[in-house]
Amino acid sequence: MAELDFSATEIMTVAASRLLKNGTVCFVGIGLPSTAANLARLTHAPDVVLIYESGPIGAKPTVLPLSIGDGDLALTADTVVSTPEIFRYWLQGGRIDVGFLGAAQVDRFANINTTVIGPYDDPKVRLPGAGGAPEIAAQAKEVFIVLKQSRKAFVDRLPFVTSAGFLDGGDAREKAGITGGGPTAVITDLGILTPDPVTRELTLTSVHPGVTVEQVREATGWDLKVSPDLKTTAIPDAEALTALRDLQARTAKAHGQDSSGGEG
Amino acid sequence: MAELDFSATEIMTVAASRLLKNGTVCFVGIGLPSTAANLARLTHAPDVVLIYESGPIGAKPTVLPLSIGDGDLALTADTVVSTPEIFRYWLQGGRIDVGFLGAAQVDRFANINTTVIGPYDDPKVRLPGAGGAPEIAAQAKEVFIVLKQSRKAFVDRLPFVTSAGFLDGGDAREKAGITGGGPTAVITDLGILTPDPVTRELTLTSVHPGVTVEQVREATGWDLKVSPDLKTTAIPDAEALTALRDLQARTAKAHGQDSSGGEG
Amino acid sequence: MALITPLREAVSSLVRDGDTVALEGFTHLIPHAAGHEIVRQARKDLTLVRMTPDLVYDQLIGMGCARKLIFSWGGNPGVGSLHRFRDAVEREWPHRLEIEEHSHAGMANAYVAGASNLPFALLRGYTGSDLPKVNPNIRFVECPFTGEKLAAIPSVRPDVTVIHAQKADRRGNVLLWGILGVQKEAVLAAQRSIVTVEEIVDDLEAPPNACVLPSWALSAVCHVPGGAYPSYAQGYSERDNRFYKDWDPVARSRDGFLAWMKRHVLDTGDFAEFRRVLAETSGPGTARQEGA
Amino acid sequence: MALITPLREAVSSLVRDGDTVALEGFTHLIPHAAGHEIVRQARKDLTLVRMTPDLVYDQLIGMGCARKLIFSWGGNPGVGSLHRFRDAVEREWPHRLEIEEHSHAGMANAYVAGASNLPFALLRGYTGSDLPKVNPNIRFVECPFTGEKLAAIPSVRPDVTVIHAQKADRRGNVLLWGILGVQKEAVLAAQRSIVTVEEIVDDLEAPPNACVLPSWALSAVCHVPGGAYPSYAQGYSERDNRFYKDWDPVARSRDGFLAWMKRHVLDTGDFAEFRRVLAETSGPGTARQEGA
């Protein structure tokens, strides 16, 4: 197929989707993670197993869910269990390969804030809260985080750590007794950040085509390290882009709006 | 209807059945308790709710189950849940009015042994063990125990307390932190024993017709107290006897044998 | 044994000022009709419990019914913030709202512990999160065998739980299916319970091992077809995604919110009338004006 | 992803000497065929876990496969004692059998804790019972909120769990229904798992919220029609109550037991052959002679 033009959001979504290998068992957050995970399922990873916290195991939705409990998730799943069972037997039970999360803010050690901006007792902005993220972040074998990159979102110090990445870096996560491997990639609209194997500090390892390192550093609230082996993200292939656009068109038609999302 | 002759086992079963009031939620042990509970359901207590530890809630078997997990229990139940759910949400959850138990041995405070005769580490007779009884005995609002009376079964001191009755009597049960009300009746083939309201010692409060107090005392391994207000158990009415015999005939036909029973 | 009774009577007799109340439903089967009825009857000082407070709790909080909220994710799913919830937390309007905040895993386990009559829930959770710093009800215990540190949180034991389900039979046995969320646990954890249902039938025709709540474990069953709207009931209705979007501008201003609640909830007698009024007031794209 | 494989290979590759093994099934769906295969392959030093050890464990214990038994009720349901179990406990034949004894509530919670990857199970249990005096794995912990004393027992985490179910599809997804017992928890608590099934179908046709075990959570699925015999599989077979009665005289004597096991299990190649031999040797009323 010929190359197609694509938006920053599209390359973010396709890049995130590519990380998901076929056969992976993925605990899916609503919104961007759900879009990327379903795109993977519809392209290179037909046997990816999608689990949503509302209860569906093996969901294969035909359109993107607008909420974490859309009927299409239940109707297309291998089975639907209770929400306590999802968190107890499947997540805490150690059966999740990849936790796929969004975030309002991340810091240099890939810790996540979705709780408050400003002091907890006197918040400037009250965000929705933890949802499933603290235990997904702790218990999945690895975690992908997908969010748009900006100085507001990529901050030097989080006002509140909702969900643990690598805490203060180094082996702080392991020392705290957290069993899951933690974030292995933060996928943004500008590039891909991965934790340094030793310091666990997020490092720019890939920039999207047409994006400069300076642009990424500008959109980061700390002095972003750049990998000496920096790559350029492969452009989305036409198959993936077409599949993504078809999915979003089907979704818009079904829901009568675009597919942002939230828990609940 | 005319009076019918009846056996000692029949009056025991009918007397036990009569104690179960309509609408009661009853956690049913297999064997004699199951026979009595189903007889109640088929006669004076059509809305009794029978729960078996294997998972059926609201079972309405057409024949007596031979095992605690007979298919008829599942097919006739309002729903079938997992065994952990039975013990967690329904029994421990405090939703059981009556626990209906059998026993190998009881003592004067209605403690139950179903574990061993002789020392635990060098048993003379190894019995099946606890099954569901310790928590049924502790957590049901009240407990009925049904077993045949003999010196071997009604002992002064149990070699092993599997399930708590009133422990050492008095308020020992409450002091131990056990929430359910405990045994309110022990129904035997000779009569009915109920705990003294203060000492909690089992006291003969009813003898079956044709049975003498002396016979009951002979079949008891301690100096059995007899109520000053001793009654004679009402004879089984013809309706109950007929229903019991029909049930047992249906059961024998279906199972090809009589309906003793056990867990498993 | 559940009484089959109108929703108004059920709320009137079973939900009391000062109660701890859980309205559950995970996107699916959210008991909106019951939420409205609690608003109409002007309950006060409620401790509201819900994993995912969304529109139904935005309304209860904005109308001043709540003293405290126990939750794990508060937002308008697929749309954004809950403006009434944020106004209460950020600016104490209509009055201060105390919050006790957990993760989903914590809340789900707390309901399970409540249904199991345990005083606390045990889980691997909250490690590395700041939540234990702001929530004194997140503590840690040691395993008596391995010495491992595990999180402990108090059980949720509501005075009343309210859910919506697909079917009841004439005895009041209830069947629900599809996305079940924590509804069974929430009902069994509570002292009292109200279930609104899409229909009442002679025979539930429940498949084996279905989620059935027996009548004797419930307080009241109320026939409220469409009672989950704008949430949905699988097999009966679709989620009205537009209502969720339209709620955003309605809830943005205090006056717009109050006007909307008066017109649609306080001035309507029941959920059927609310649906009629809503159909009149909100043709396509009119909800924004309505809320303004 | 589960391999769909003959039972012989599944046992050969997944059950190892010294393993902790749970064969579960609560009267219904007891994996007798798998029990036979473990006997045929002469596994040793197993720690056997099962809420209700009955005939299947009487056979494994009598054949010397077990070092230890973790259980809550051991008997021949509806008939009486397990003679091989009693002989092992009372007279150490064929060798000493260590026992760890719980209540059903304890075992059920221990499986739940295992499936939940918790090191221990928390329950209200054992109060007033002598079981904590003879089982050091029953301990007590305090609620960090109320100070209440609650029982704690170690999770059950088998190396291998074996169950029987009604259906699998060609990918190895498994559906079971009816009396479910603790099978789902036992499978999810284990490192490895084997599921024998009545039939393998194109489409499970599972009702909503059915008990489905996804293929990727299982190790092996084996097509063994009637593999629960003399237990039953709802929708496929009836329990053979006579076999349970006939087992009593078979198991009463050591020689009778050994002769029966040799003829019916060791000298047969698989469960289908066992069923053929059994049909030949036990016309009505002949089992007693066979066992003598």
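Quick notes
For reference, chains read A, B, C and D in written order, and residue numbers begin at 1 within each chain.
To be clear about the criterion, a residue touches a chain if its C-beta (ideal position, glycine included) is under 8 Å from a C-beta of that chain, and two chains touch if they have at least 3 such contacts.
Protein names from UniProt, one per chain: A, B = CoA-transferase subunit beta; C, D = CoA transferase subunit A.
What you see is a predicted model; the values in this text were computed from it and never measured.
Chain pairs A-D and B-D differ in how many C-beta pairs are in contact, and the one with more is B-D. One finds 41 Å separating the Cα centroids of subunit A (CoA-transferase subunit beta) and subunit D (CoA transferase subunit A). Centroids built from CA atoms put subunit B (CoA-transferase subunit beta) at 57 Å from subunit A (CoA-transferase subunit beta). If each chain is reduced to the centroid of its CA atoms, subunit B (CoA-transferase subunit beta) and subunit D (CoA transferase subunit A) end up 28 Å from each other. Residue positions 74, 80-81, 88, 92 of subunit B (CoA-transferase subunit beta) are each in touch with at least two other chains.
Subunit C (CoA transferase subunit A) has residues 112, 117-118, 123-124, 148, 178, 180, 184-185, 208-211, 234 in contact with two or more other chains.
Touching pairs of chains, sorted by label, consist of A-C, A-D, B-C, B-D, C-D.
By the touch criterion given at the top, residues 1, 112, 115-118, 173, 184-185, 188, 206, 208-212, 214, 216-217 of subunit C (CoA transferase subunit A) touch subunit B (CoA-transferase subunit beta) in their complex.
Residues of subunit C (CoA transferase subunit A) that touch subunit A (CoA-transferase subunit beta) in their complex: 26-28, 51-52, 54, 71-81, 85-86, 89-90, 101-105, 108-109, 111-112, 123-131, 134, 148-149, 178-182, 184-185, 232, 234, 238-239, 241-242, 245.
The part of subunit B (CoA-transferase subunit beta) that touches subunit C (CoA transferase subunit A) in the complex is made up of residues 23, 25, 49, 57-58, 74, 78-81, 88-89, 92-95. Touching subunit C (CoA transferase subunit A) in their complex are the following residues of subunit A (CoA-transferase subunit beta): 30, 53-56, 66-71, 73-75, 80-84, 86-88, 91-92, 111, 115, 120-121, 123-126, 128-135, 138-139, 160-164, 167, 173, 176-179, 255-257, 259-264. Listing the residues of subunit D (CoA transferase subunit A) that touch subunit C (CoA transferase subunit A) in their complex gives 116-120, 122-124, 137, 139-141, 143-146, 148, 150, 152, 154, 177-178, 180, 207-211, 234.
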